[in-house]
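Both of the next two complexes hold chain A, though its partner changes from chain B to chain C.
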Partner chain A sequence: MNMNVIETSGLGKRYGGTWALRDCTLAIPAGHVAALIGPNGAGKTTLLNLAVGLAAPTAGGVTVLGGRPAGSPAALDGIAFVAQDTPVYRNLSAADMLHLTRNLNRRFDQHYAETRLGELGIPLKRKAGKLSGGQRAQLALTLALARRPKLLVLDEPVAMLDPVARHDFMATVLTAMVDDGVSVVLSSHVLADLERVADYLILLSRGGVQVAGEADDLLAGHRLLTGPAAEADGLAGRLAVVHVRRAGAQAHVLVRATAGDPVPPGWEAHPVGLEELAMAYLREPGAAALPGPVRARDTKQATPTEVTQ
Partner chain B sequence: MTTLTVPARPEDDTSPPPVPWRRMAWVTWRQHRFTLAAVAVFLGALAVGLWLAGLKTHHVYAALVAACHPASAACAGMSTTFIGTNGFLSNGFILQAVPVLIGAFAGAPVLAREMETGTFRYAWTQGFGRWRWTLAKLAPLAVAVAAAAGALSVLLSWYYQPYFATGNQAASFSELTPFFPGVFDLHGITFAAWTLTAFAIGALAGMLIRRVVPAIAATIAAYAGLAFAAGGFLRQHYLTPRVTSNPNVPGSAWIISQWWTKGGRFAFAGWPPDRLLQQFCPQGPQAGVGPDGEPKTVSIAECLTPHGYTQWTSYQPASRFWPFQWIEGGWLLALSVLLIAATIWLVRRRAA
Partner chain C sequence: MDIDKEISDQVARPGPGGPGSPIEFRLDSASGVPTYLQLVHQVEHALRLGYLKPGDQLPKVRDVVASLAINPNTVLKAYKDLESKGLTAGRPGQGTFVQATLSQVALPELTALRRSLSGWLAAADGAGLDENGIVALFTSALRDFYERRGGSGDGRGAAGGEAKGVA
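This part shows the complex of A and B:
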């Protein structure tokens, strides 16, 4: 599976006079659970809508699953999309929703779908509108996975769910990824939801890509330095400083450095967590460092640790 | 619709065979069966009501034809009874609402509900494809509601039959023109065509407005405007009206306009000016005495013709009823196809 599940080039989308997404160039390789992170209004939903063909770009282009135009029959065939708030027909039963989805697609694994709903304790005869939020989300996810997609796209899948439902939902996603090799792209404005499962990170802010790359590479490429606050500003000249957070006399400075790089005297280096890293970049929209692969044409070289299924 | 700037690297299965159309039939049926059932119940109830009322009308009419001697006073009374029978329905204006009710309540929600509840994000990202999905929903539903309306219009034609029977005028019953506004489009093929058009307007309004209730309201408004324009301005121009100077235009004809000439030059249109009436018909048009001494109605024509005036009438003869039906049915069908095509085009290019 040596391809990009989503590849954009100079992609832009304008609603009225406002650019929801602007000059977005990125390539998400296959075989990952890719987390699309960003504050509200960063353009996450817009990017996903463009990728699944619900919206047409104002500028640039987007292809999926190795070069298929977004929204084309070939693209629709290979992508399953679960939209925000997991829309299903509320007046139809779960069984009807299975039947509906089976009729609307070339492939549908009825056995898988029924087994999964059974395991989740979702009665087939119950109307979708009478299911709890968590059950409805699971139903939508089951419908999507039973299509046996190559790429699963989830827009804010857990935003409306309680912690237990959140956990169950993400466990299902992870199982599908590990067992069936489904590539996953999911968005959230809360990284904590995704940190456990995501191994690829795309950070959007103000309609553009700020960070993109494999989680391991990002973590290996950043260190958190702790030292005297008075010297924090002096670091900028010597190191690639992303963000400085002051706490009293101490300062925590996120820098782009590997574990082998020398640490300035008086400072202590720590590995950084994904959430901390994302927060630092979100607080510094001007930093706009792009440690990961963002160019469309050299993804092979940029993703050396690509997972092969 | 997407400008590709990224080099395409297609895989083997880039062009999967499309999901067969017949699979959408179940989807359309499952999602709209209640709408179709509601249309059937509504039209069925209407049909029963019309049938019962129609039986009565036909009964009264048959008695009238059998018993009535032309030009007798008793006949005039019975004629009034006949016209009064089901007068509520016979004027047709109530039934005018049927096509637009079907169109608004069956057509407008098809897309508006998907947009309102967000389920279009589910439906349009399935393998079937969104423009095919739209076509596979709108086309069968449009055919179904038009067919149901067509069935009702057969009953309506039977219901109105006595009012338009040839020779009613000769028997001194009031004779209606089949072009009578509010009735012309209730029988023949136009009833089904107007229902189809209302459905197509509803579908497009639903896609444009994206909310069910406003889309229904907009459908009713747009349909009312179109029906008013068609009945009031368009229909009379389908074929060039005939023009005659014979004052005895058949009662079944649709009179478009009347005017007078004197000495080959246009004198006035419609009703004569008061000046002329005072000069030539000082007693008014009603007061007159026939040759047998009985009071007699003297028409304006009888007043003015001896003074060199000629009355001209442009009219559509009743024999043009079917050509008019086909013309109206034809352009309504073309309009409906256009509206549905526009709806599908909007679905295809819509930016979510």
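This part shows the complex of A and C:
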């Protein structure tokens, strides 16, 4: 499955006079859990809505599942989307929700859905409004997965859930990945679970792509240097500095470097975690890390962006 | 090698539905160690202590994913790493099985050693050492032991011990 599940080129969306997303070019390969992160208003929901065909672009284009135009019947057939706050009709029972979804979709695996809800202990007769937040989220997820999608898109799926419900929800998503080879793209504020769940990272800020790449590549391409704060500014001239955090006499500096690169004398190099890396970039909206895969298919874009402060 | 194979044949469980893996993974998200590496370390640890023997099955990828809610690619990466170290081998359609061992002594002997170590720990505790003190004492004694055994002369071993003690 060597295709891109979402591919955008110069994609932009304007609401009134405000660009919610601007000049967004990226390619998310299949077979990953891709996490879309970024501050509020960065354009995460807008990007997802454009990809699943709920909104039309103002500029540029977006295709899914290997070139199907977003929103086209072929695209919709392969995508399942669970919107923010996992909406279900609160006055309908779980069974009614299954019935409704089955009749609104070309493909719906009733057996899977009923088995899944049974395993989760969600009574079919209970109204969705009477379910717990975690159960409601699982119901929405079950409806999405019963459509047997190739791409599952989740907008802030776990933001409202307690830790146990969050764990169970993600376990369902990731198990579907093992069972059916579903690719997953999700947006999230929760950075803490990122390392466990996501193996592809896209960081949006100010409506544009700031960081994109496989988690392993990003981690291998960054190091955290710890050393005297007085020398921190001097590093910028020699190394690709992303972010400097000072703590009195000491400074922690995130740089673009690999384990084999020489470490300046007086400094110690440590590997960096995904959460730490994401935080550093979120604090430096001007810095960018856009490694190969994103650009590979897009020749219109300029040469890969160097790290800039 | 032949012995490994023999044991592996004896212990190998035919087909699915047999008993699962002797080990179960856990994760420490505060450790800062990448998730796949935590899985690798836990398998190596279990091999060293004899909890896992040649022929034993590692937890199925799906089970690990379902219980820990982690990315399946992470589990695959860990299993690939163990395979490249020659510790495990994948059997198509069945799962991943232990092929080699890291433990130099058998489980009964390990149990006996653990028991005598527990006795020593009780004595150290009785003498008033806390956990950090015990670890420091053990680490220092361990270092001395290997330096005396590995070094060519007593003087050098002692000097080395001192230097490391400072660090």
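Throughout what follows, the second predicted complex is superposed on the first by the 293 of 309 C-alpha atoms of A that agree within 3 Å, B and C clash if a C-alpha of one lies under 4 Å from a C-alpha of the other, contacts with A are read in each partner's own complex, and residues count from 1 in each chain.
Please note the rule applied: contacts are C-beta pairs under 8 Å (C-beta built on N, C-alpha and C of every residue); 3 or more make two chains touch, one makes a residue touch a chain.
No experiment lies behind these values; they were computed from the predicted model shown.
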{"item": "Partner chain in contact with A:Thr101 - chain B first, chain C second, else both or neither", "value": "first"}
{"item": "Touched partner set for A:Val52, first chain B, second chain C, both or neither", "value": "first"}
{"item": "Touching partner for A:Pro69 - first (chain B), second (chain C), both, neither", "value": "first"}
{"item": "Partner chain(s) touched by A:Gly60 [first = chain B, second = chain C, both, neither]", "value": "first"}
{"item": "First, second, both or neither for A:Arg196, with chain B first and chain C second", "value": "second"}
{"item": "Touched partner set for A:Ser9, first chain B, second chain C, both or neither", "value": "first"}
{"item": "Contacts of A:Gly273 with chain B and chain C, given as first, second, both or neither", "value": "second"}
{"item": "Contact footprint of chain A on chain C as seen in their complex", "value": "27, 29, 32, 34-35, 61-62, 65-74, 77"}
{"item": "Sites on chain B touched by chain A in the complex", "value": "1-11, 13-19, 23-24, 26-27, 30-31, 117-119, 121-129, 133, 349, 351-352"}
{"item": "Interface residues, chain A side, partner chain B - complex", "value": "3, 7-10, 13, 15, 49, 52-57, 60-63, 65-71, 73-74, 76-77, 79-81, 83-85, 87-90, 92, 96, 99-101, 103-107, 140, 147, 296-297"}
{"item": "Chain C-facing residues of chain A, complex", "value": "31-33, 167-168, 170-171, 174-175, 177-179, 192-193, 195-199, 216, 219, 271, 273"}
